[in-house]
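After this come two complexes, each holding chain A, first together with chain B and then together with chain C.
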Partner chain A sequence: MTIYNFYFFNRNGKCIYYKEWKREKHSGISDRTEEFKLMFGMLSSLCSFAERLSTKEGQQVVRHFRTSSYKLTYIDTPTGLRMALNTDPYAAGIPELMKQIYRIYVDTVLRNPLLDTSEKIESELFASRLDQVIIHHSAYA
Partner chain B sequence: MSIYRIFIISRAGGLIYNWEPKNELVEIERKFDYPLDVILDEYDKRSCVIFGEKDDVKVRYVLTAVNGHAVSDTRFFIDNQPQEVLDYLKEQNNFPVSLRFAPPSLSTNEKIILSSTFHSLYAIAVQLSPAAKSTGIEFLETSQFKLHCLQSRTGVKFIVITSPTASIAIESLLNKIYEFYADYALKNPFHNLDMPIRSEKFEENLRLLLERVEKSPGAVTI
Partner chain C sequence: MSKTTKTGSLVDAKKMSAELFTLTYGAFVTQMLKDYEDPQVVTAKLDKIGFDMGTVLADDFLAKSANVPRCQDCKQIAEVLSKLAIPNYLGVPATVSNWSSGDREFSLIIESNPLTELVEIPDHLKATLNYSQVIAGAIRGALEALHFKVYAVAVENASNTEIRIKLDSILKDSLPAGEDY
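Right after this comes the complex of A and B.
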């Protein structure tokens, strides 16, 4: 069981936080920001793909996709924030973990009136608390 | 039906086969007064409801007829005079008007676009993989459907879309479709890899297979 990496995008598509733990392979793109753009592009086309494919009524929420060696769990908020967490394919309890991460973000970043929320998250408290929940999660070991 | 759709995508990303259950679209006819309660807009060359729901008319429903005149694209004809639907519905003296709506469906064009979108998403998922030696998307879950994909060694993708609650042995279903593809399409010496699959035997066997799957959701046997 592993947790690979975590992407956090704001509503303009900017990656405001990125962290990797046990990433084995890199995308082969030397510029990190280019990789973030590719990831954001993939997530937004995945959502519009799902939206168009389904002809059923009701809200369309993309939950996760799985490949042979990893699983990407996706969450977005009504305010346009998007989070993606890569884990191994059979990790359990990841959506709950992501909600927890969102709560950490609210507590440490949004509630701080001095921080500009459209910029990269520089908060050390956010980083350390995020590390805490990831490392103590059962899927991390 | 717990199986919503089946797509087969060639290695170049083109849609070569698609299947969907045959069900009659129930159209809804309603009388509307000025001003119109639902908001329509042109979307992919069709007039769709984009905002406001009334009675059974829901968002994404497609306008198919105005006062009994069939709408094609975004136009309809009164005494051979073409009328733009959206302009017609702005005029107050055209009301009350009777509009017919159909539930959303995918046009062939949209299916082709969706398959090539999936083809690229699959490739990007490989590139962005944090783990070594990953395949592309094999399973996608959303609140409204589950998508399962099998890519053959030659790069042909078999995609089955099911309801979110379906409990079908998808693995064996996909392998069985692959087998049919190999048996009835590939063994035909005149079959071109990038051309749509046109084989009666393929269709017939697929239909029987799906009937069997719907009846007994367990493992698919020969």
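Right after this comes the complex of A and C.
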């Protein structure tokens, strides 16, 4: 079981945090910011597409998609933050882990009045706490 | 708005005494009145400060309370604000009343507003200064972060604080400009 990497977007679609724990293959896109843009675009298209195709009325929530070798778990908040976490396809308890990451973000970044929340997260406290929860999670090994 | 508590000893280390909070806020408003000299400007500034707090509180609230349903209309907004958000952050309950303009406008009545516990607003400021506008601003900010554009005004009544909220529109999720997804 493994946790691969993590993307965090703010409401304007800017990638405010990226971290990888294990990534053996790269996307081949030379510019990282380009990859972030594509990721964000894919996620928002996926959400709107899911809503369009829905056979029932009401809001659709995209939770994850899975391939033969990885699973991308996605959550968004009503405030427009979006997070995506890549794990191996059978990792369990990932949505809960992501809610925990959200709480860490609120505690360490949003509650610090001197940080500009529209910019990349530079907070070391956030980084170290994030590392802590990821490394101690049962899906990380 | 920080959490307030009224118990004297054995206080949760993260909570502060309501009195200290009230006095701090009072000193802060007084200083602003001296600095800006115009109570209307002070009201606007309080609203702005509240707004900035609100945008942060929205996430704080969501991260803490796991199972709040997504609000679709004003009734639900009023319910969550009065039953969860305000008791959570102000430590006092609020009641909803005075619905008007087709359920798009309502009042939140805060009976024992901690901000005004020690405050009597002098007559010459009554018309121009909305002492608790910071709360109204925070509500406006928090709801705007959740894509609801509202107008909020705090009015001091004789025995309570009334926050009048009017839903203007529901904002669309904004995608980065110039990018075609």
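The rule is short, and it goes like this: the second predicted complex is superposed on the first by the 141 of 141 C-alpha atoms of A that agree within 3 Å, B and C clash if a C-alpha of one lies under 4 Å from a C-alpha of the other, contacts with A are read in each partner's own complex, and residues count from 1 in each chain.
To be clear about the criterion, a residue touches a chain if its C-beta (ideal position, glycine included) is under 8 Å from a C-beta of that chain, and two chains touch if they have at least 3 such contacts.
Note that the structure is predicted; figures quoted are calculated from it, not measured.
Following the overlay on chain A, a side-by-side fit with no clash is recorded for the pair chain B and chain C. Of the two partner chains placed around the shared chain by superposition, chain B is the only one that A:35 touches, whereas chain C remains out of contact. A count of residues in chain A touched by chain B and by chain C gives the higher number to B.
When the two complexes are overlaid on their common chain A, residue A:111 makes contact with chain C while staying clear of chain B.
Once chain A of one complex is fitted onto chain A of the other, the partner contacts of A:59 extend to both chain B and chain C.
In the superposed model, A:5 makes contact with chain B only, not with chain C. Contact with chain C, but none with chain B, is seen for A:79 once the two complexes are overlaid on the shared chain. Applying the stated contact rule after C-alpha superposition, one finds that A:44 touches chain C and leaves chain B untouched.
For the overlaid pair of complexes, the smallest distance between C-alpha atoms of chain B and those of chain C rounds to 9 Å.
Within chain A, the residues touched by chain B in the first complex and by chain C in the second are 41, 45, 59.
On the chain A side of its complex with chain B, the touching residues are 2, 4-5, 20, 23-25, 27-28, 35, 38-39, 41-42, 45-46, 49-50, 52-70, 72, 86, 88.
Residues 5, 58-60, 103-106, 110, 113-114, 117-118, 120-121, 124-145, 147, 161 of chain B are the ones that touch chain A when the two sit in their complex. Taken together, the chain C residues at the contact with chain A in this complex read 56, 58-60, 62-64, 66, 70, 145-147, 173-176, 179, 181. Listing the residues of chain A that touch chain C in their complex gives 11-13, 37, 41, 44-45, 59, 77-81, 99, 102-103, 105-106, 110-111, 117.
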